[in-house]
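In the two complexes that follow, subunit A is the common piece, with subunit B as its partner first and subunit C second.
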Partner chain A sequence: MPADSASLEVRATDRRPWLPHWLTSESPLPWLLPAAALMAVFGIYPLIYAVTLSLYKKNAATRKMVFDPTHNWTKILSDERVWNAIYNTFLYTGVALVFQLVLGMLIALLLDSDRKGYGVLRAMMTLPLVIPPAVTGMMFLLMLNGSFGVLSRGLIAMGVFPPGFSILGTANTAMAGVLLAEIWQWTPFMVLIMLAGLRSLPKEPFEAAAIDGATAFQAFFKLTLPMMSKVIAIAVLIRGIDLFRAFDYVKVMTDSGPGTATETLTSYAGRIYFGNADFPYASTIALLTLIIVILVSTAFMKAFKVKL
Partner chain B sequence: MESSRPLRIVRDVTAVTVVGIFMFPIFWWALTSIKPISAIFDKDRVNFFDFTPTFINYGVTLFGQSRSQLAIDQGIGMGVGGAEAYDSRQSIMESVIVSLGATAITMAVAVFAAYAISRMMFRGRSHYLNWVLGQRFMPPIAILVPLVTIYKTAGLRDTDNLYMGYFGLMMIYALMNLPIAVLLMKSFLDDVPKDVDEAAMIDGATRFQTFRKVVLPMVKGGIAASAVLVFIFSWTEFLLSLFLTTEIRTVPVKIQTFVTSTGNEWGFIAALGTAAIIPSFVFILLVQKNLVRGLTLGSLKE
Partner chain C sequence: MSFKDHDKKTFIADTARDFAARRITKRDFMKKMALAGVGFSAFSAGLLGNTRGFRGDLSLIGTEAMAQDASVTQWLKDVGSKYKGAKIRYTSEATPPTVVLDKIKKEFTDPTGIEVEVEIVPLEQVLAKATQDVQGQLGTYDLYYLDQSWVATFAQDTIDPTQYYKDKPDLAMPNFDWDDFSKPLVDGLAMYEGKMVGIPFDIPIFMLMYRKDILEKHGIAVPTTEDEFTAAIKKITEAEKANGMYGTGLQAKSGHYSLNCDWTQMVWNAGGSIFGADKKFKGNDEAGVAGLALYQEWAKNAPPESLNSTWDGQFQMMAAGQCALVQSWDEFFPGLDAADSKVQGLWMPAKPLQAKPLRPTSEVGFGEIPNRAHQGGSVLGLSKYSKNVDAAWLFMQWACSKDVMTRCTLIGGFAPMRISSFTDPRVAEKAVVGPGTTRHLELVKWIIDNDMASEPDMPLWAGFSNNEIPVNLGKLLTGQDFGGDPKKCMDTIAAAIDAAVADAGL
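Showing the complex of A and B:
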C-alpha cells in the first residue's frame, strides 16, 4: 500500500538524524534517566555517605572524626539502648499489625454490604488515613492527658486506672498509649484493602458452601481467608515496613520516654542526632534499621511468596 | 447472607457504632478547637457541650489575630505577647509550596519512567523496577543524617538560601514518593492496551509523540489520582521536614511548637490540626476509587 510505505519512510528515528539513537525517545534511556538521577543523587549517594560515616569514630572532646571501621558496629552490640530499641520496635510493629489486621478484617466484613448508607460509612472510614501523623499524635496527647483528657477520664471513670493516672507518663502504659494513636489511624488502611479483597472474591464457592450447609464461620475460615491470603500478605508487608520505621507518634507523644520506655530504633537514632550530635553513631543505628527491614521483609516475601 | 430483619438491624447498629468510634477523635478535636480555654482545661468533668463556642483559636492561628486579644476576651491574664508565634499562615503557605512542588517533580519524573517500564523491553527492566521499589523499603532515617551534611555542603539548607531550602525539601519528598508514583502510574499505563501505541507508531509518530498525544490523555485520571496521593503524603510528612529545615516549617512541624514550657496551647493545636486535615479530606474523597490501588503500590485494584 503506497500510503503506508510513505509514512514508514519518515519513521520517527530518522527525523533527527544527528541525534544518537540512545538519546531519542525510541530508546528507554531518556525516559528512565530523570527518576534514576533523583534516586542516585538523593537516595544512593546519601546511603553510601551513611555507610562511610558509620566507619568513623567521633571523638567527643576534639569533635574530630577518626577512621575506625569497627568502633560503631561493636558499640551497637554492647549498647543496651539499642537492644531495648530493637525490642520496642518489634513490639510496636507486632502489636500494631495484629490489632490492625484483626480489626481491619472484622470491620471490612461488617461494612461489606451493598445496602444504603454503607457507602458513606466506608468513605468515612478512610478519613483517618489522611491526617498528618504528627497531628494525630498531638490530638491523642490531648485526649490521653491525665487531668483533662477525654480518653483518660473515660478509663478512670471505668475504674481501669486510678484518678489522675497519666497513661503516657507511666513506663508500663506509655507504649499502649502510643499504639492507640497508631492503631486508630492505620486500621482504616487494612479495612480498605480487606474490603477490596472481599469484593474481588468469586461468589460461586460461597453459594455452593451455603447449599452444603456450611455456617458463616466455616465459610470464613475455609473459603474467605485462604482466598484472601495474597491480599493479606501484601497488606501486612506494606504496613509492616511503615510500622518498623515508627517515629512520628513516638516523637510527638512521649519523645521516646518516659526514660527509654517507648524508644524505637528510628527515635533512638534521632535522639543521638539531636542530643550528642554523634552523627557516625546515629548513622550506624539508622543503617541497622535498614538492614533489619531488608532482612525481615525479604524473608517474609520469600516465605509467603509475595511480590509487589 | 443477610436473611432476617433483626439480624440486619443488629449489623446496621454495629456498623454505625464502629464507624462512630473511629470518628470520635476527629469530632473531639473539632469540638476542642471552638472551646474557650476554661472548657478545654476543665478538670471537674468531661465537658462536651457546656461552653460558649469561640472562634478565637482559628483567629489566632489562621488569621493572625493577636493573642492578647484572646486574654482580654476571656478575662485571663495569661500569655500576653508572642502572637506571631501562633500565626500559622506562613507555615500553611510553606506546606502548600513544598507539597505542590514535590508533587510536580515526582509526577514529572515518575510518568516518564513508568511509561518506559510499562511499554519498552530493555535489559535490566526488573532491576530498575526493584530499585524503585527499594526506595519504599528504606527508612528515611537511614539517609537523613548524611543528608543534613550533604545539604550543608551543597548549599541546600534553608538557613543559607530559602529557595534552595525549598528545593532540597521538595527533592527529598519527591524521592520518598517516587515508588508509589512510578508503580501506580505503571499500573494505570498497563491498563491501556499496547495496540494503541503500535497503531500510532505505524502511522509515523515517534515514541514521544505517541506518549504525549495518545497515551497521556488516556491516563489523565490515573495521573490525577497519583498526584493527589503524592500531595497527601507530602502534606502529612513530618520526620524529614523536622530534620532538614529550620526556616521552613511545614504544618506538622509548626504545630509541635505550640507545645511550650509554660503549657500546651491546646486550643491552637486543635484549631490548626482541624484546619490541616480539611484539604486532605477533600482530596481523599476525590480519589476514593483509586485509593486501594495507590496504598498497595498498584498491586491491588478495587
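Showing the complex of A and C:
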C-alpha cells in the first residue's frame, strides 16, 4: 500500500463518522467563524465606523454632520495640540520603555536564581500588575500631593523641591510624576518576560565562557544580551504599543495637564470626544494614533527582524 | 514633632479608634485615611475622584421630621402604580440633592413600583454620558442632570416641564407650585430661548468665606472688595506660610471646569465679560486681562496644590486649615461645620467681593449675565428620547416637589431652589454651627436675588468651558506657555473661540 493511501486511511478512521465533513479539521472555516465574527464586530466594524466618521465635519451648534473628507485631516496638520500630543506620546513611550527595560532586566538578573525564597520574590513581582491602572494613578496622585503626599514630602525634605511644591501641578515635572506610576506598575511585566527568557537560555555557552575566564560583564554583554535579543525585541514591541495608547494614568493624575504638559494622543482624542463632542475629529486623532503605531511597529520589526 | 504632624497623627488615631468601635463606616474610614494621606486608601479616594464630596447630614434620614406626607405617598400610589416595573435612569454628579434622593428614593419606588437607578459619576463623565445619549438619541437616560453651562447644548433634547405639566393633567402633581421656584434661578439656570429646559435642581453659588480666628489674629477686617481681599491674602501668606497656611485656596486645576468658574468671576469683577454683544470673545480686552492678572496674583498666595485642585481639593484645603479666605461655593459650609471638622464654626460666610462696575448685559452676548457671584447650578431635564417618559416625569415632579426639596436641603445642607424652603421652620432651626448647618442660607438667598451671575447660553459653551479655556489658563498658570503674559493667553483663547463660533454659524 502506498504511504499516502495509508495516511489517508488513518485520517479516515480518525474522523468522527457522525460529523459532517464540513465540521472536521479538514474544513477549518466553520471553526474560524466565531473568532472571525468577533473580530468583525469588535475590531473591523469600529475601525470602518471611525474611518467613516473621520470623513465628516460636525457642526457643534446644530450637531449636523456633512461629508467633507479633507476637513479633519487638514485640521490635524494645523492643530498645535496634535503635534504637542505626538511629542508627549513619544516622550512618554520612550522614557517609560527605557526605564522599564533596564530596570526589568536588572531585576530579572537578580531574581534569576533557584535559591530558597526566590520563587516567592518572583511571585511578588506580579502584585503591581493586578492593581487596576486607575487605582495606581490615584495612589500616586495622593503620594505626589504637594501638601501631604509621602513622596512629595520626602523629596521636599531632601531639598529637591521647595516646601509645598506640586509635582503634578508644575509643567516641567508633571510628566515625570505620571511616568513614575507607569514605570512602577509595568516594570514587573518586563521582569517576568526577561525572567522567562533568562531561564530558557542554555547553560553550556555560559559554562564554556566561565572556563575561558570570561567575567560576568563579558558573559552578559557577549552571551546573555545577544541570546535574549528576540525576547527583548518582542517585549519592547508589546510594551511600546501599549504605552503609545497611554490614557489611564494621564487621565487620573493630571487630566492631560498642567495645560497640555502631559497630553497624549489618546487623552487629547478623549477630551475632544467627551468635552467638545466632536466625534469626527476625535476619530481622526484616534486613526492617526493607529497609523503611527502601525508605521513605527513595522519599522521596528523590520529593523530587529522580529517575526510574529 | 510639629503641631501639624501631631495633629495629623491624632486624627489618624482617632479615626482608627472610631472605625474599630463601629462609630464610623468603612467608607468614612477610607475617606478620612485618604485625607490624611495614607496610601492604602487610594482606592477609596479614587472612587471619590473629582466629585463634589457630600457634606450634609445623612443621619437625619428616617427621623420623624423627615417623614413623607401620607397624601404624597397616596398620590404616588394612585398615579404611579400603572407604571409598576418600569425602570428609569439618570446620571449625575454627586451633587447634594442627587445623593439625598438616592438615599430616600424608596419613598418613591415603594408606592409606585417604578425602579430608579441613579449613576453618580464625576461631572465630566456626566457630560460624556449625556452627550453620547443625545447624539444617538438612545434614551438610555430618562432624566439628564444638566449643569447650567450645558443647558443651551441640550435644550433641543429635553421636554419643557411646564408644558408637559399642562399637557398631562392626569400626571400633574397637585400643588406643585411653579411660582415657588426662585425667579432668578429659573431665568439664570433653566431658560433657553424661551423654553424651560429643565427644573432647577441645585444652586451652588460663590460667596466669600473667611476664617474669623485668622483674620482676628492678624487684625484684618473682613474684605468687601477685591483690593482688600488681595491685601489680606498677601498679609496672611507672609505671616503664616511657614505654618503651612496661605491667604487663599483656588480650584485652578488645569483643563478642569473649576478653573473656568474661577476665571469667569475674575473677568466679571474686573468689569469684563466673556462675550461681547457682537458675539466675539472679550476675555482678551483690557478688563479681561486685568482680571486674569489679578488671579495670577492670587495664585501666588494659595497653596501650590491649588493648581492641581478642583472644588473638592479647594474644600480640603479649607478643611485642613491651609487657607483663610476663599471666594467659592457656598455648599462647602455644611462640611466645614461637620461634627468631625477641625475647623467647625471657624469659617464664616460673607457677601461676594465688590470690584469694578459690572459690564451691562446690553454689552454682552449669548445671554451672559456678569455679576459678583458665579453660579454652578443645574437643572433636571426630562429626556425626549426616554422610553419611560411618564414614569420619569412622575419621579421628576416628586424629586423637585416642595417637601422633597426642603428635606434635601436639610439633609444635604445646600441652597434650596424653592422660596418656601428658605422659610421652612426646620431649615431655620438648623441655622446654627453643627452638622448640616443652614446658617449660610440666608446670605445665599440674598446673593441669588442680588448678585447671581450666569455664563453664556450657547451650544458650544460646554466644550469651551471644559477644554479651550481651562487648558490654556492652565498653561499660563503653571508656566508651560505664554511666559506669564495673561494677554497672550487670552489672545490664544480668543482666536480659538472666535473661529469655532464663526465655524458653527452662531
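In this section, the second predicted complex is superposed on the first by the 282 of 308 C-alpha atoms of A that agree within 3 Å, B and C clash if a C-alpha of one lies under 4 Å from a C-alpha of the other, contacts with A are read in each partner's own complex, and residues count from 1 in each chain.
Simple rule for what comes next: a residue touches a chain if its C-beta (ideal position, glycine included) is under 8 Å from a C-beta of that chain, and two chains touch if they have at least 3 such contacts.
Bear in mind that the values here come from a model prediction, so they are computed numbers and not experimental data.
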item	value
Contacts of A:I107 with subunit B and subunit C, given as first, second, both or neither	first
Touched partner set for A:T126, first subunit B, second subunit C, both or neither	first
Dominant contact partner of subunit A by residue count, subunit C or subunit B	B
Partner chain in contact with A:L168 - subunit B first, subunit C second, else both or neither	second
Partner chain(s) touched by A:M139 [first = subunit B, second = subunit C, both, neither]	both
First (subunit B), second (subunit C), both or neither touched by A:V252	both
First (subunit B), second (subunit C), both or neither touched by A:L53	first
Which superposed partner A:I241 touches (first subunit B, second subunit C, both, neither)	first
Which of subunit B and subunit C A:A35 touches, first, second, both or neither	first
Doubly contacted subunit A residues - partners subunit C and subunit B	134-135, 138-139, 141-143, 147-148, 150, 252, 273, 279
For the subunit A and subunit C complex, residues of the former touching the latter	59-63, 134-135, 137-139, 141-143, 145-150, 164-166, 168-172, 174, 252, 254-261, 271-279
In the complex with subunit A, residue positions of subunit B that touch it	1-2, 8, 11-12, 14-16, 18-19, 22-23, 25-26, 28-29, 32, 40-43, 46, 105, 108-110, 112-113, 115-117, 120, 122, 128, 131-133, 135-147, 149-150, 171-172, 174-175, 178, 182-183, 201-209, 211, 232, 235-239, 242-243, 251-253, 255-256, 259, 264, 266, 269-270, 273, 276-277, 280-281, 283-285, 288, 291-292, 295-297, 299-302
Subunit A - residues contacting subunit B, complex	4, 7-8, 10-13, 15, 24-26, 28, 30-32, 34-36, 38-39, 41-43, 45-47, 49-50, 53, 107, 110-111, 113, 115, 117-118, 121, 123-136, 138-143, 147-148, 150, 153-154, 184, 187-189, 192-193, 195-197, 199-200, 216, 231, 234-235, 238, 241, 244-245, 247-248, 251-252, 265-266, 269-270, 273, 279, 282-283, 286-287, 289-290, 293-294, 297, 307-308
Residues on subunit C engaged by subunit A in the complex (per definition of touch)	8, 34, 36-37, 39, 42-43, 45-46, 49, 124-125, 127-128, 131, 135, 153, 244, 253-256, 303-308, 317, 320, 322, 458-460, 462-463, 466-467, 471-472, 474-481, 500, 503-506
